[in-house]
Amino acid sequence: MIKVGIVGGTGYTGVELLRLLTQHPEVDVSVITSRSEAGIPVADMYPNLRGHLDLAFSEPDVDVLGACDAVFFATPHGVAHALAAPLLAQGTRVIDLSADFRIKDPQIWAHWYNQAHGAPELLPEAVYGLPEVNRNAIKDARLIAVPGCYPTAVQLGYLPLIRAGLIALDSLIADCKSGVSGAGRGAKVGSLLCEASESMKAYSMNGHRHLPEITQGLQEAAQSSVNLLFMPHLTPMIRGIHASLYATLTPEAQRMTLAELQAVFEQTYAQETFVDVMPLGSAPETRSVRGSNMCRIAVHRPQEGAHVCVLSVIDNLVKGASGQAVQNLNIMFGFAEDAGLKQVALLP
Amino acid sequence: MIKVGIVGGTGYTGVELLRLLTQHPEVDVSVITSRSEAGIPVADMYPNLRGHLDLAFSEPDVDVLGACDAVFFATPHGVAHALAAPLLAQGTRVIDLSADFRIKDPQIWAHWYNQAHGAPELLPEAVYGLPEVNRNAIKDARLIAVPGCYPTAVQLGYLPLIRAGLIALDSLIADCKSGVSGAGRGAKVGSLLCEASESMKAYSMNGHRHLPEITQGLQEAAQSSVNLLFMPHLTPMIRGIHASLYATLTPEAQRMTLAELQAVFEQTYAQETFVDVMPLGSAPETRSVRGSNMCRIAVHRPQEGAHVCVLSVIDNLVKGASGQAVQNLNIMFGFAEDAGLKQVALLP
Amino acid sequence: MIKVGIVGGTGYTGVELLRLLTQHPEVDVSVITSRSEAGIPVADMYPNLRGHLDLAFSEPDVDVLGACDAVFFATPHGVAHALAAPLLAQGTRVIDLSADFRIKDPQIWAHWYNQAHGAPELLPEAVYGLPEVNRNAIKDARLIAVPGCYPTAVQLGYLPLIRAGLIALDSLIADCKSGVSGAGRGAKVGSLLCEASESMKAYSMNGHRHLPEITQGLQEAAQSSVNLLFMPHLTPMIRGIHASLYATLTPEAQRMTLAELQAVFEQTYAQETFVDVMPLGSAPETRSVRGSNMCRIAVHRPQEGAHVCVLSVIDNLVKGASGQAVQNLNIMFGFAEDAGLKQVALLP
Amino acid sequence: MIKVGIVGGTGYTGVELLRLLTQHPEVDVSVITSRSEAGIPVADMYPNLRGHLDLAFSEPDVDVLGACDAVFFATPHGVAHALAAPLLAQGTRVIDLSADFRIKDPQIWAHWYNQAHGAPELLPEAVYGLPEVNRNAIKDARLIAVPGCYPTAVQLGYLPLIRAGLIALDSLIADCKSGVSGAGRGAKVGSLLCEASESMKAYSMNGHRHLPEITQGLQEAAQSSVNLLFMPHLTPMIRGIHASLYATLTPEAQRMTLAELQAVFEQTYAQETFVDVMPLGSAPETRSVRGSNMCRIAVHRPQEGAHVCVLSVIDNLVKGASGQAVQNLNIMFGFAEDAGLKQVALLP
């Protein structure tokens, strides 16, 4: 059993980490910090944990956290910048669910997050924690940047096509739909049931913070420049991301059959536990991954035209955040990659 | 006061017609037919109409219907094919909410609806009832084909760009999200609350019946061939369509400012009562049109790139069906175009 | 046309007043105040009003408000206490949607609202605006206390039984279910979609502020002491109150048939426009009144036992707040009681 | 590992059994029957099971089922009547999730289910599978009648009070709210998203089939006659039952403090893994048990009056059906009672 800590355990990614880690056979959660809730039992805030976790929130303390084998950050951006270095110095591995170490270029980070990067010296060793891309680097990493929710769904959907050179890179369009939990547990008017249910809308039309992260990942895969239009939409449900990913097939790829495109996807993910390429003709539903760490993908070529459309669904709080964080932990510590992550999605 | 009838009043477009027509200052609903519910008071099935309508469903009878000034068809496809001619012969105008007369080419209709067209001789005089395109023809029409829900939202969004020649016509992508009422009141497993709520999925990925209707309309506007990828998604809400419409700007259009694009939209719809071009930067929400006949549109150019994205929202049961049908009635009979259609959307 | 003003127009009862008043044939809305949003067009905050209202929020100003024939207060409690007197002094009638003048005893008010009553001198002339009880007093009133949402549904359900002396008054149990809009538009964690959807819970188990209001009304009807257990529940929907009202029939009443009980309800409300006694055996649905000013009621006697159960539904924002406020206005100014209130409920 | 079969695996209790059993450490699911879906892989119908279960539906076959150690019936009523005896004859234990063996008196069963009882000879040995009441009998049982969803929530809530003799038995009122999954996966209009979401209503006002089951259980606990008014309500959510249970305290019990009442509940369930008595003042939310086998209970005495109100929540598909079935299996086969049932509720 390893000891882990969680910084910022009051939000939705925090409680989701606890749901997963309290069932993990190799992990003991020994500390959860929250300045605002220090002293309050976690199960008072999250009654689903009653009987599963007997721990109270505590003030963040570097020494206490440094006694853990690994610490998760489920914090707003900026927090991990300050605390990662002292923890690493104590030999604690850091798995950051925030955006702090996702973007390799600190200038780009500063532009999108409206503040200077607080720990640029750590960027070279930070590993982008998308196991399907970086598994080997994750094994030896001390500092993991867990991918964002949209970036996970979008990259896993486009990667087979990009690696195989089957699509034009200058006109990708990712039309993405997210449940409201993506906006977090903050008390914002726009996240109220009366505002967000029974309605659909786009947001961040001119640039969402996940855009540079996605572009970075796709460009790395393509070894070339990529032009992506990313349009997120707020969807009236709690959990789930549905990415509808459009691209123009290259002239060569247009001569392929749909079965051949399907085979490209199946081969790409044949060894992956958490990517499920669905049968030809499938429409993956977000509820088919609710509460699970799975990403389900289907590839389509509507009307046998020049465009391909990849449908990719995840649970934003699991494969899009806390589950993927645990998957990284498993890889880092040599556990089975699905340890603590065997949940079947809750359906209905 | 004119007398109107409704054929097939038990579905959602039927009850929505009744909601609107019982408040219409110039209309008296005198007959509503339903074979399966004949004899049952309408308000027993739809208690929201208690106190507003004292009428029972009756067996369809051509003579009774023919005594009306106008008859609405809120029926599955095929029904209006059979009944339109005898009604027209009695001088009754026909406003068909089904797909029977939307497609000009009976071969194309037969291909998409899997049956022979039942009244090809009426197609030449059938008018496609999109008032923003065909207002003059509607005035004198005897037979109206009310547009489908997706086609309304998609065409109104693309038309300003197509008419102005600002976009490439070979790579349009319409990513559309619809509430579940679009699937009707039929008892289908996929429409159950436990199946369709808290989830998101695409459907009809390889070709939805609204595709040829949309293409026909856009080609007529363009006077040229149009290639559209249309991807509908089932969204966990009752009412609303959100169309996210992508296109590549022509090289000339790429030199325009966003304000200039906005002006194109504002000028196109300056005289329209039921199309609202929202201010620059807006994200129209479907709930802003819930229960109203409005279509709200915003135009975006993400990252100042080569693509334009138009966001277009309607209530699928109002501007996407019954409200638009009433708008057609108003135009045909010389009433104020917004008679009976002044409802403010229900928000929250 | 009379001129009306609204103090505190940014909340849900405010926008609902606007939805109703912009369609009212006798009313011109001339001023809407909001300290926080002063200067902002109302339609920027509530896009459903685009095209229906061309007015901006303004700072509250007694002289401007005093130029109105009537002013609605859609404010937190305490605000109307301060502003009612100066407005009345200018001859403006006041229709208060808050709780400020609902409780006749200022000590009881102070106990439940945790502050001293700010205008006890106005209590004697304040009229409790439940038209089905106080219509005559409303006609001549200068100051109306619009009933709360739960109190409206509960009183209308119990009144026929109490007036007829058919139930024991010492053991009433009102199990009530409310949509989330009852909690207002404030940014509270408990009202987030991710907290309140897909879940059900009771709240204010040991005493909700509507309890003394309901008890006062029932006691007035009974001319006797009443003991009520009132248990509100938060229900995952936007609008609607469903009150399930239990009582023990008196020995005499137990000898009545259900049809006789039904007749008591029908006679009580025979002349009422906005109370609909449904047929024997009915289960009123909240959606059957969504967006309308109707209260629908059904009376049951399960298993022919000693208990009666009355089911009473309203839209909390309409008959439970803004619609009832407009109904009061209509009575006060001699308009048709349903002027501006003829909307058919939005179903589905 | 024991071998288990499921008869009628296509409904919601069937897929929920599979979600639980595929994670159960001691169980191998070897057969799932469905006449209508025979031959179809289970994961084609329920994609959440892709990767977890490699089994197709098969025609029901007594010999194949009889080779199992235990067989679950997730069928409409009547099916287990016919199949239980031949399976028991082969030494297979039967765990019936339907209502077939819940009611001890076959005449009462026939009255409520409108058909003759098909296996009255098995009733004497059938054990009502509420572990908190019948654990010892379950250990040795061959035939288990798994309690209904409402009966589980209601009995667990009332039992401590009844056993301790603290309430009057002639006037119990159970106001219960259920998610729509309680109505099953059948394609019924009333279960459509467009009919059941955004609305609340009572149903079966004059007698729900769970009434005799609840009454039987309470009377057994009381060793006396019990009079219960049971009023179920359809709530716009997928999963969850919220029971609000009212009773009049005996004169002696009215002299007890609330803390003393609380102690009665805590002592009753001190040894129970799946009943959680929440702290004084709590409002259990159905989402706090979503996907888990827990029942959470809180006891209140509003206004320190004569009535007690117990709030009891379960997930209708888990503790109210499939989870409780697995709990019975665990007891019957000597496994840890929580084997396969350690899931933390999914929140948010």
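For clarity, chains are labelled A, B, C and D in written order, and residue numbers in each chain start from 1.
The rule we apply is simple: a contact is a pair of C-beta atoms (placed from the backbone, for glycine too) under 8 Å apart; a residue touches a chain by one contact, two chains touch by 3 or more.
These numbers were taken from a predicted model, which means no experiment stands behind them.
Common neighbours of chain B and chain D, listed by label, are A, C. Chains that touch both chain C and chain D: A, B. Centre-to-centre, using mean CA coordinates, chain A is 36 Å away from chain D.
As a whole-number value, the distance joining the C-alpha centres of chain A and chain C reads 46 Å. Centre-to-centre spacing of chain A and chain B amounts to 39 Å, using the average Cα coordinate of each chain.
Within chain A, residues 12, 181, 185, 194-195, 197-198, 236, 238-239, 284-285, 287, 290, 348 each touch two or more of the remaining chains. A complete topology is adopted by the chain contact network, contact being made between every pair of chains. Interface residues of chain B, counted against chain A in their complex, comprise 171, 173, 175, 177, 194-195, 197-203, 205-207, 211, 227, 229-231, 233, 235-240, 242, 244, 246, 248, 281, 283-287, 290, 298, 300, 302-303, 305-307, 309, 311, 313, 348. For chain A in complex with chain D, the residues that touch the partner chain are 12, 15, 18-19, 22-23, 46-52, 181, 185, 198, 238-239, 276, 278, 282, 284-285, 287-292, 294, 296, 342-348.
Residue ranges on chain D touching chain B, taken from their complex, read 12, 180-181, 185, 187-189, 191-198, 236, 238.
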